[in-house]
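Shared between the two complexes below is subunit A, which has subunit B as its partner in the first and subunit C in the second.
Right after this comes the complex of A and B.
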């Protein structure tokens, strides 16, 4: 278990990490997610010991490791650009940690060979890093760290240097690998897709602190802030105020005086309270007909269709100047993609009255 | 299509025309003098300093006389010790410079380059005022009461070595700074992350990765030192002549151009050995380091 207690790191007046509190459980695949400059990499470097915190404590399994240099922490890192030793073969890169521990040479040989097999790099043991592909270098970097059996493995945007196809493949490989070895992974990324697909829990970071901590589902479906809501995936945010309230429904009025109903709203909602509603593009549908009884509806004009192949995003202008994104799967029956809606068409956007997540800030 | 391929041809040949000035430069100032030197080395000296080209090997036979061999060995010895001392002193300096940053690094680099702004002769000559019997070192030691009679620091083996070390040190420091600068700092962090102490990281990561710089530094120091003649002239005594002194002597004092040329050809041949090793090894190490 890793605990970060009121951790802060200042560079001059800039607070890179600001009073951060976090507990990462044993064996967890944990992700620190955020835009560049949010402090996620600094947090990682504090955990690894490359930086010293300005204040606060880091505890690993109950032991204070704040003051320990990197080489005395039972934590290993996979670096952003792998940082393999360019003068050493794959074998010697992986054996590096064991050689420091002065293991016997036959023991090293056996363990490294096993490790090479584990990351499917048999036959590459004599290759220098620049003779390996990006994915292979990545696996050497992983093997080099894992062979030391660290309590925690830190990964600093390890997929950032790979091309997209390989990245998708490595996402699956990484999470399988983590399940197999059972070591706690802390994964830093700015790519929300990577975090959502791999992590058990995600900490969304903003301005050096955690904005929202939760499972991928929670973070996507019930973001606690508009920042998290818009950072993870796409969403439509509307500021509104509570107009009236009944037992399980609220009437909400937007800034442009559009009033709609919201069912099943949790939390203490008093009349007059300001809220933001987050509606995901996939929670809205387009229709040429009036909305159903259980739906809210708004008339608008399709301004753009952005074609992604398997799906399309429609940008619809409603209430004169509000742009709403609506996603729709493309049904491909033959070679011709059937396009159900045209740009410039007048449509209704409809969403279920239960849909939408309310954010109080 | 036709015109475009014509244009292409024109473009390609024009690239070679652009290279002409550099060809001219290399031929006139490098290859021709070398051919001349090589030809003269087979000539005979004439009474009043001229020479007659009559292709014989007498000069080459004369040059392996023990007198010259002794001086050649001494030159080699001086070069080796200078290179070793330059490395031992230069590497820590380069390491320190490379790991400082900002303004301090600029200042340190400036200090390394600063001496180049003063004439080399004057800089070397000024060591007289430091090493002489009444120089800085001896007079301070005497006034402090450490010694009664001054040390013999000038015009001997010591002063030549100090002079060579002083003159060649920047050529060792600069390429090593460049090669340490080129090491990705995250590689050093990775080493520490994997459990290596600073000491272990230095000998197993930093030092091997700065090898290209070390090799360049060794070549940049070793080769000019082999041809050095100013320092032994100004700081040396009777017994610190180097092969460079003999060669300049043949050309300027004795006016035996053929024999001077022969010694030069020998020396060039000798310099080729470390140069060849450098090119071979640096290609290897460059391949493994640049990724």
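Right after this comes the complex of A and C.
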């Protein structure tokens, strides 16, 4: 178990990490997610020991490791651009940690061979890093860290240097690998898709602190802030105020005086409270007809369609100047694709009264 | 890397012609020198047929051998020290962030730009001041002084291609700073260090001006010996020893070029 207690790191007046508290459980695949400059890499470097915190503590399995240099921590890192030793073969790269520990040469040989097999790099043991492909280098970097059987493996944007196809493949490989070895992985990324697909839990970071900590589902479906809501996936945010309230429903008024109903049985909300509702593009549908009874509806004009192949995003202007994103699967049954909606068309945007997530800030 | 275009900009005939003229200008004296070292005649104005006699004569001269021995000794010792110190300062410049870094870097390169004669005089004054007797030691110290910046420059250039995150990786994998230097940093910059050392050695072997000011009795180096021979007129022996010196430095520079080139290729592929 890794505990970060009131951890801060200042560079001059800039607080890269600001009073961060975090507990990472044993065997967890944990992701630190955030835009560049949010402090995620600094946090990782603090855990690895490359940086010293300005204040706060780091505890590993109950032991304070804040003051320990990197080479005395049982933590290993996979670096962003792999950072393999260019002068050493794949075998010797992986063997490095064991050699430092002065293991016997025949023991090293056996372990490294096993590890090469584990990451499917048999036959590449004599290759120099520049003779390996991106994916192979990535696996050498992983093997080089894993062979030391660290308590925690830190990964700093390890998929960032790979092309997209390979990245998708490595996402699956990494998460299988983590399950197999059972070591705690802490994974830093700015790519929300990577975090959502691989992590057990995600900490969304902003300005050196954690904005929202939760499972991928929680973070996507129930973001605790507008920042997390808009950082993870796309969303439409509307500021509103609670106009009236019944037992299991709220009437919300937007800044443009549009009033609509939202089912909410939580009872946490009082009349007059300011809220933001987050509506994902996939929670809204387009229709030429009036909305159903259990739906809210707004008339608008389709300004743009952005075609992504499997799906399209429609930008619809409603209430004069509000742009709303609506996504729609492109179901292509035959070769003649007829687009269901045209740019410039007048449509209703409809969403279920149950849909949408309320954020109080 | 820039791509070739079809505009033929700066690739006209005049450019080629000027290049050829430049090369002729540069290499004619050297070629003449080499040819005349094989001249049988005692006077350079007349051609007396091919001969190796001046080379034989050269090797019979014991004072010449002493000069060669001195030059090699000074070259080797000064190269070792200049390489260590130059490499260390390159590492400091690359790694450390300190307020006077730019000043430090520029100060280090001053010996390259100030006239050699000035550096020679300055060193002589210094030696007088600290009462250091002129001889092999004073020459060696002088050569270390002017070689350091060259070594630093070459190593620094090599360090540009060196990704220092691999040092962090080493630390991450449990290596102590000392182990990191010898197992990671050194193997990756060793070609640069070697190239720097070869440069320092070449500079030391061929230096005249600074050596002239800092040498004492019994510490004659090869260039000083050649100079003293010229006082009695340009003999074919001078041509012969100069030819050998040219050959020697060319070989060293060739080796250096080969090493650096090989490393560059390794990085690019």
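We adopt the following convention: the second predicted complex is superposed on the first by the 359 of 361 C-alpha atoms of A that agree within 3 Å, B and C clash if a C-alpha of one lies under 4 Å from a C-alpha of the other, contacts with A are read in each partner's own complex, and residues count from 1 in each chain.
Everything that follows uses one rule, which is that a residue touches a chain if its C-beta (ideal position, glycine included) is under 8 Å from a C-beta of that chain, and two chains touch if they have at least 3 such contacts.
Everything numeric here is computed off the predicted structure, so don't read it as measured data.
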Clash or fit, subunit B versus subunit C on superposed subunit A: clash
First (subunit B), second (subunit C), both or neither touched by A:129: first
First (subunit B), second (subunit C), both or neither touched by A:48: both
Subunit B versus subunit C as contact partner of A:62, first or second or both or neither: neither
Touched partner set for A:144, first subunit B, second subunit C, both or neither: both
Touched partner set for A:79, first subunit B, second subunit C, both or neither: both
Which superposed partner A:97 touches (first subunit B, second subunit C, both, neither): both
Intersection of subunit A interface sets (partners subunit B, subunit C): 48, 50, 69-71, 75-77, 79-81, 83-87, 96-97, 100-101, 130, 144-145, 148
Contact footprint of subunit B on subunit A as seen in their complex: 48, 50, 69-71, 75-77, 79-81, 83-87, 96-97, 100-101, 128-130, 144-145, 148
Subunit A partner contacts - residues on subunit B that touch it in the complex: 184, 186-187, 189-197, 200, 205, 208-209, 288-291
Interface residues, subunit A side, partner subunit C - complex: 48-50, 69-72, 75-77, 79-81, 83-87, 96-97, 100-101, 130, 144-145, 148
Residues of subunit C that touch subunit A when the two form their complex: 163, 165-166, 168-176, 179, 183-184, 187-188, 266-267, 269
